[in-house]
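Starting off with a structure, shown below.
Residue numbering begins at 1 within each chain, and the chains themselves are lettered A, B and C in the order written.
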Amino acid sequence: MNPILAGLKRCLLAAAMALGAVCSHAAPVTVTDDRGVTVNLPAPPQRIVSLLPSLTETVCELGSCASVVATDRYSNHPASVRTLPKTGGLDDANVEMIVALRPDVVLLAISSRVTDRLEALGLKVVALEPKTYEDVRRVASKVAQLLGAGAAGERLWQRMEAQVSHAARQVPAQARGLRVYYEVDSAPYAAGESSFIGHTLARLGLVNIVPAQLGPFPKLNPEYIVRADPQVIMVSARHGGTLPGRPGWSGIRAVKDKRICAFTAEEGNVLSRPGPRMGEAAEIMARCLKGIVPSGGAR
Amino acid sequence: MRWWAWAGGLVVLSLLLCGVGLSVGSTGWSPPWQAQGDPLAWQIAWDIRAPRCVGAWLAGALLALSGGIAQGLFRNPLADPYLLGSSSGAALGVALFLVLVGVSPVATGILVRMGLTGAAFVGAVLAVLLTLVLSKGVQHTLRLLLAGVVVGVVLGALTALTMLLEPDIMRAMQAFMLGTTGFLGWDSVMILWPMLLVSLLVAWGCSRALDALSLGDAAAISLGVRLGLVRVLLVGALALSTGTAVAQAGLISFVGLVAPHLVRSRVQSTQGPRLVLSALAGGILLLAADILARWVWAPLELPVGLLTAVLGGGYLLWRMHRMGVTS
Amino acid sequence: MTTASVAVSAVALSARIQSVRLQGHAILHDISLDVPVGRWVAMVGPNGAGKSTLLRTLAGLQPCQGEVQLLSRPLAQWAAKAKAQRLAWLGQAESGADDLRAIDVVMLGRLPHQAWLAPPSVQDEAAVQAAMRQTQCWDWRDRPMGQLSGGERQRVLLARVLAVQAPIVLMDEPLAHLDPPHQADWLDIVRELRDAGVTVVSVLHELNMALQADELIVMRHGRVVHHGDTHAAAAHQALRQVFDDRIDLHAVGGHWVALPRSAQRPVF
């Protein structure tokens, strides 16, 4: 090629890169949410309303907590979001209030009912809903994309993965391979192998009594649990004391050996959200296992 | 066919269904007597399946009895524990008890269950009284039903508000709202059967008065019926049976409405036998729904309230179709 | 019951009522009434005169400002069952009980005589059968009330009242839905009762039937305008008066008959 043309090309390239470097602080952001809708913003959002606790936590983990102007009623982590205005529950968000806050973007779950109304009122809405373990990675990178933070999402994911691996190493050897039953709700709803909780349990080396083909959060016949005879049971503290009284449950290994992890409401919040705190969730579970497995005493 | 022949038939059917119930579990059809060398089988049958079958039957009988009493007392074929607001009152009682005492709705221990039952009973009584006050007596059917619906909705909203303010109990109450026979144990049965006995005795004792009442207040009073006393006793029995059933098994729809209608459409009798037969039919209905809930999708379990709505609603639709055809 | 009260009581029902209010409106005013034992008294008057209300008050079904005495004892002092054995009531257009059989409804009339939850006795069965034969509904005693016509239903309800075998019978519009043969039957029944010493008070819309009674209570605007012998001229005068002179009374074959008087043509 003509050396002059090649030189011109190089100069143009350099100029473009310099220009790009200058403009990167106010670059427009584009993200395709979980509905397949592409949302374009002229710049990373400075005013964010988040209507899902895990999304709130993701935004804060990525360092943009200051941009969050309001959250839903249940977002309570980190502590700084507790003082923010609350726009309602997951189903009954206060549309007027959201609009009055003039957000640059609204983050919410796909199952939210206010999406259409907010978009009709001219707001930009990004619908993301992490349900499985892999979802969290995808959602983290999408939120990072939205915040113009580039690879921060992937870094968040790696940090969390490392936390989970670290927690897995804390689990005592005797605890590996034990059968576990994780109760999400007293109906009883269990966390199955294919749920995000089940994934963490598997990483910690436990065997879930609920296989993947039963779904992520099946409502079980209590008899199934008695038959499966788990060696460890994880349940909320409110129900922990009632387990021995349930018909037929006093014979379950975990109940007999008192290998029951009863989580407080705070811990329950961490454990039940598929978000950036899954690493912390793994640590909570590992801590409990350490406490109950060697000595066999109650937590 | 005389009514006691029907009663005998329903008892036999109940026993057969209990046998089926003992055979259905998390692995589908698995009768304990066919399980060779499975040490758990008989234990599971006794500890889990047996009290669940008996408990479901008793709860269904209580709901149907309360529906039959309501239909007789208010001279209205649409009356049922739901429509008079008593179920919502019982649920609110349970929710407030959970918040104040801090236990789980499926907690065991006879004292806790009695406490829950008591709270549900109080809630049910207050709800029915509120309905009666709003409708200014039972004379006007439409007003009575409207009042009952209003009370049911308002108390349901209060229950939802309680759950909102105490999110801790929300999950537990949500399952409760759809009916939970999953954890019925022998201690629940210990509460259910005496309450059924008491309610049946009261209902039977007032059955002649109910017959007289079917001709109107004036006719009943002129025949020497002590209307005030009878009303108090029957409303008490209504609230007791509704409250007990709701406290043990959650909110289960349709049983109270459909079982008395089923009986009325097949058997001609006065109130006394009809109430007994309604109780038997209700027990069978709920037991059947519970068995289906565990069998259709084993080891997953459907909410039993869903199945009673399907079974009961389906039956009502069929009846309406038949009525349309014959009239 | 002492011998004194047995001998003296020639008054079945007596009422001294200042007023009876329904939903805030005063329906009856200043009633002073004595119904003698063993007589058939017919209560007549234009619509809205308060006949049903007065009958209900006499039966103790309507609270009033004043006092009603049954067999010389205030109503309030009677126990429910004892009162029910002495006073039988047939209301206007009693609806309901569609699922009960005719015989079950008539058996309800024996409630005042039955011990609580006791099965029907031989006397109960006999009384029910006699009453149903009297009103000619015995043949279809097993049919549910919901399948009966208006007239058949009324006969069953009548049988219920008769089954009580009470010394005082109060009936409000007992002839509703009854065709002439059955109206004639009713007349025979009432006369039999009266001859047996039963006191009958009936609110009747049918003036011609009322004029067969022993005594007439004529009402208008919530007051008793006249109470006396049916054949007396004063009774006829009162009747004509409350119906605004739109009726004529004639003697036909030994009985009095009321005919409407047309406003157009002169009476013949």
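Simple rule for what comes next: a contact is a pair of C-beta atoms (placed from the backbone, for glycine too) under 8 Å apart; a residue touches a chain by one contact, two chains touch by 3 or more.
Since the structure is predicted, the reported quantities are computational estimates derived from the model, not experimental observations.
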* Asked: Taking chains as nodes and touches as edges, what kind of graph is this: line, ring, star, complete or other?
  -> line
* Quick one: most central chain, C-alpha centroids? -> B
* **Chain pair bearing the highest count of C-beta contacts** => A-B
* If you average the Cα atoms of subunit A and of subunit B to get two centres, how far apart are those centres in Å? -> 41
* Asked: Counting in whole Å, what is the centre-to-centre distance of subunit B and subunit C, each centre being its mean C-alpha position?
  -> 44
* Structure fact -> The distance between the C-alpha centres of subunit A and subunit C, rounded to whole Å, is 81
* Asked: Listing for subunit A: what residues touch at least two other chains?
  -> none
* Residue ranges of subunit A in contact with subunit B within the complex -> 74, 89, 184-189, 214-215, 218-224, 226-227, 238-239, 241-242, 245-248, 251, 265
* Touching subunit A in the complex: which residues of subunit B? -> 25-27, 40, 43-44, 47-49, 51-52, 102-109, 164, 167-168, 171-172, 174-175, 180, 182-187, 294, 298-303
* Report the residues of subunit C in contact with subunit B in the complex, numbered from low to high. => 56, 59-61, 80-81, 83-85, 87-89, 91, 94-97, 99-101, 104-105, 108-109, 111-112, 114, 116-117, 144, 157, 164
* To do: Can you check the complex and tell me which residues of subunit B touch subunit C?
  => 75, 204-205, 208, 211-212, 214-216, 218-219, 221-226, 264, 268, 270, 274
